[in-house]
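You will see chain A twice below: alongside chain B first, and alongside chain C after that.
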Partner chain A sequence: MRLLSWAYLAAAYAFVFLPVVVLVVFSFQDGRLPVPPFQGFSLQWYDKILGNGALMTALWHSALVAFVSSALALVMGFLAAHALARVRLPGSVLLRGLLIAPMTVSYLIIALGLLTTFNQAGISLSLWTAGIGHVVINLPLCFAIAYAAMGDHQKNAERAARDLGATEAQVLWHVSAPMLAPALAAAFFLSVTFSWDEFIIAFLLTRFDVTLPVEIWSMLRSGLSPATNAVGSLVFLVSVSAVVLMEIFLFRRPK
Partner chain B sequence: MTASLSIQSVTQRYGTALALDAVSLDIAAGEFVVLLGPSGCGKTTLLNLIGGFAEPVSGRILIGGKDMAGVAPAQRPTTTVFQDYALFPHMTLADNVGFGLRMRGVARPERRAKAEEMLALVGLPGKALRRPHELSGGQRQRVALARALAVAPDVLLLDEPLGALDLKLRRAMQDELKEIQRRVGTTFVHVTHDQEEAMAVADRIVVMNAGKIADVGPPREVYLSPKSLFSAAFMGEINQIAVRDGQSALGALVPGTGTLLIRPEAIGLNGALPLGLCRVEDVAFFGTHVRAHVTPLKAPGTRLTVHLAQTLSVEPGAVLDLAATDHLMLEEE
Partner chain C sequence: MSLHAAERKLGWGLLAPALLWTLAFFVLPFLAMLALSFAHMEGRAIVQGFDPGNYIRAFTDWSQLKALINSVEITVTVTVISVVLAWPLAAIIAWRVPQRFQRLALLMAVLPFWTSYVVRSYSWLLVLGKNGVINKALMGTGLISEPLALASTRTATVIGFVHFFVMLLTLTIYANLIQLSPNYARAAQDLGAGDWATFVHVILPLTLPGVITGAFVTFVLCIGDYITPQILGGNAELTLPQLIMLQMGRSGNFPMASALSVVLMAVVTLAYAACSRWLRLDRL
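Moving on, here comes the complex of A and B:
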């Protein structure tokens, strides 16, 4: 029985991580195709992609979009959460629902909706429009995390700050945000990872400047190559780093 | 540094429930006033109105003669010590205590010096760089007090500041609180439902009941000559004997109609008001006194609580001839 459960665990992990392992292993392939057999260890594909200007530009774009859109989503989500947690408005339940609603809509629908909107408004597609798309998907996440983290503890500290002469902006800056720092950091890093490897929205809402997943997709159209594995491994490395950073901020924090 | 406070016919409602019913109270500058009453009587509500966290439905609140209607908490010359301390967990004690000064644009070195001074005042010298989670409950309480006093408010509001402390620490802190208030001279409005704490610190006690003031006066007056049955009973144990036209279950004790009130410690072997022979029902030794329940032979349905001298050893079943040294008659029944 014990053995069986261990076997199950191993199988589950293998199922989740095998594709990643295969991806990473064949990025070091000394040959033209990322398929078995493994012909030897080589860094040539990494060398190649690091020398690929279009790819490196796309990588930079992805980082830019991820950070800027996540920062925006975080600020807006935090302020909305703060307002809805503190002020009792008629219909605040409805407002809260509306803010979370985009989570339940598929990225494809969001992208199509935004595409139509931008076309109608005569806004040309760029990294900005993709960034707006990412704010749309990450805002509900940031809002939900920030809202869930706000308790009576914060509320009382904010009251004390106001009592001691703080303005609303000072309360937010000196008390609310620092007290919620772990949750806000978690929301930010999650947003970054979501934006970082998001494809559909970035694909539909960019034109000339594209993000990394879009660039990888166009590489894939010209056939399989260990180079795409190498890019994939890099993308994975960045996502993992973000998650690890989040873990450090959120869970390793001494009480 | 200090100011008078005038509460004029203040009413507060939550929905249809009346939390405060036309409460009026004048507090002199530098006075230590305690709002005392059972849970839900409106103490916190009144404190919140003074601090500006809510506006009354009707009535006025004046601090130092100025009407506070529409003035936000930040602009009022009041600060509050909250029951749960509400310290800022991410700041050092120095930053916590200096927070109010920082909001007033005071420079860092000056803030720091003031914070050190305030921490020393509340008995926490040299702990400026600690954080709140490193402190005990009593120490956090002191920091909250230092933080509220650092901005030199005219009126300090304290909502059950000692409520979360154990009894021994509470008794020690209340003495300190009184001492600090004497030194800074600020008007203190302190909320509690512990009557011993109230008597230990107050210049004047305000007994509240169901949104109304039941009694006001110095501790001695409120305890010894309460103006209502409610405040008589709330300030401590008391024997109540119904009297109608000078007649009671114990015979003719006092003239008039109403309720005869006798504190347990006023009953003993000698006194001006004889209560007659009483049978001792049960006895417990309390250290400072012997607490016993007795039944007068004349009125088997009546039970009196008495505090007898520590040196008196009595057994249940004994019959004593008791009398009261002090009593009070209220018209209320």
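Moving on, here comes the complex of A and C:
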């Protein structure tokens, strides 16, 4: 039974890692196709993609839209969570449901709805219309994380600050936000990841200034290529470094 | 103005940006899409009106209905396989792996989450393709002489999806398992239950919330995904999202695409209703 467990664990990790390993290994392929046999080690594909202007522009667009849309979603989500956790408002259950609702709707449908609306309103598509879509998908996430993190502890500290004469803005900025910092950072980080990797909204709502996943998608049309492997490996490297840094600095619990 | 009223005004003020954003960019677009789904096409022009024709077509035109059936079949298959594979994995990590390595074990299991979603499907193509790793390995050992047609099949789509969702389900089931007190199992065994009976009647039902939550998220994400079936399944058999994209892209038929999207949402809502009893989305 014990042996069987370890065998299962090994098989599971093999399955999880197989495509990733294949992706990374064949990004170093010294040949035209990223499939066996491995013809030797080469960095030519990395050289090629780093010199690819369209790809680098797409990378910049992705980073820009990820940070701006996540920041917006975080601020709005935090303020809304604060309002619903602190002040008794009529219909607050309904309001909470409304703010969470986009989470249960497929990205494709959100994108299609926005596309229809933008078309009818005569708004032309750009990186910013995709950004609007990314705020829609990240706002519920930021709201839910911030709302879940607010407890009585914060409530008392906020009340104390108010009694000492702090304005609501001061309470938010000097008391609530710092006390919720880990949750807010996690929400921001998750939002950035989702936006950075999001394909369908960016695909349907941008026209010329595309993001990285959309650019990778168009690379796929020309078939298998070690260049695509190289891009994928670099994205993987960046994300894994970010996760490791988060793990070290944010989620490490004091022992 | 009383203190209470002032507080309320403040509350609405803080709530306003998020509320307005959701109304303007989520509720309004959804209503626009709903209205559009009752329009129809005349040539390349969209004619507004109240015409249920798109919905009738979605359920009577075989090429449209087939996509819905494909999507539901693939999604159910993926969800079941993922749960069956993820449960033992979560249990092994929770019960066999030493405590201080558990976090690392989980982190490693979800590592491929952090590759680009598009690239992950692509890398399965490298594994399953005609010249891919599996075919080359099998032919190298002489087990087969002709490459197996693995890519551009439903099997490839299912494998790609299962790869992603096993990780997700492992997390939700693990979170559920570590909260279980070992006393439940001990009590069952003291009362004379064997290992199997303890597992089926005590442990398994207690992990149902984690299983259902993970399975629901899997269902929602899987049935709405365009990328994986498009890259791995090809155009041999279409799923609903592929058909929606096709209606929009090739024929510019936004009304039909909207109607199919509403159908997709209805399926998700049905799934939600079916498992809402056990769902703990707030605990994700």
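Convention: the second predicted complex is superposed on the first by the 249 of 255 C-alpha atoms of A that agree within 3 Å, B and C clash if a C-alpha of one lies under 4 Å from a C-alpha of the other, contacts with A are read in each partner's own complex, and residues count from 1 in each chain.
Just so we're on the same page, a residue touches a chain if its C-beta (ideal position, glycine included) is under 8 Å from a C-beta of that chain, and two chains touch if they have at least 3 such contacts.
Computed from a predicted structure; not experimentally measured.
Chemist: Sharing chain A, do chain B and chain C clash or fit in the superposition?
Modeler: When both complexes are placed onto chain A, chain B and chain C end up side by side without any clash.
Chemist: Touching A:Gln170 in the superposition: chain B (first), chain C (second), both, neither?
Modeler: first
Chemist: Is A:Val243 contacted by the first partner chain B, the second partner chain C, both or neither?
Modeler: So A:Val243 only meets chain C here.
Chemist: Would you check which partner chain A:Ser106 touches, where first means chain B only, second means chain C only, and both and neither mean what they say?
Modeler: It touches chain C, and chain B stays clear.
Chemist: Angle at the Cα centre of chain A spanned by the Cα centres of chain C and chain B: state it in steps of 10 degrees.
Modeler: The vertex angle at chain A equals 100 degrees.
Chemist: Touch check for A:Ala161: first (chain B), second (chain C), both, or neither?
Modeler: Once the two structures are laid over each other on A, A:Ala161 reaches chain B alone.
Chemist: Under the stated touch criterion, which partner chain does A:Val231 make contact with: chain B (first), chain C (second), both, or neither?
Modeler: A:Val231: touches chain C, not chain B.
Chemist: Under the stated touch criterion, which partner chain does A:Met179 make contact with: chain B (first), chain C (second), both, or neither?
Modeler: First partner only.
Chemist: For A:Thr117, select first, second, both or neither according to whether it touches chain B, chain C, the two together, or no partner.
Modeler: Only chain C is touched by A:Thr117; chain B is not.
Chemist: Which of the two, chain B or chain C, is in touch with more residues of chain A?
Modeler: In the superposed model, C touches more residues of chain A.
Chemist: Which value, in Å, gives the least CA distance between chain B and chain C in the superposed three-chain arrangement?
Modeler: Minimum over all C-alpha pairs of chain B and chain C: 6 Å.
Chemist: Just to be sure I follow: which residues of chain A are touched by chain B in one complex and then by chain C in the other one?
Modeler: Correct list for chain A: none, the interfaces share no residue.
Chemist: Please give the residue numbers of chain C that touch chain A in the complex, ascending.
Modeler: 7-8, 10-15, 17-19, 21-22, 25-30, 32-33, 36, 85, 88-89, 92-93, 96-97, 105, 107-109, 111-112, 114-120, 122-127, 129, 131-133, 136-137, 163, 166-167, 220-221, 223-227, 231, 241, 244-245, 248, 254, 257-258, 261, 264-265, 268, 272, 281-282
Chemist: If we count contacts the way the header does, which residues on chain B are in touch with chain A in the complex?
Modeler: 51, 53, 72-75, 78-80, 82, 84, 86-90, 99-100, 102-104, 133, 147-148, 151
Chemist: Would you mind writing out the residues of chain A in touch with chain C in their complex?
Modeler: Residues 2, 5-6, 8-9, 12-13, 15-20, 22-23, 26, 33-37, 75-77, 79-80, 82-84, 86-89, 95, 98-110, 112-114, 116-117, 120, 132-133, 135-136, 139, 143-144, 148, 168, 193, 197, 199-200, 212-213, 216-217, 220, 224, 228-229, 231-232, 235-236, 239-240, 242-243, 247 of chain A touch chain C in their complex.
Chemist: What residues on chain A touch chain B, complex-wise?
Modeler: On the chain A side, the touching residues are 156-157, 159-167, 170, 174-175, 178-179, 181, 255.
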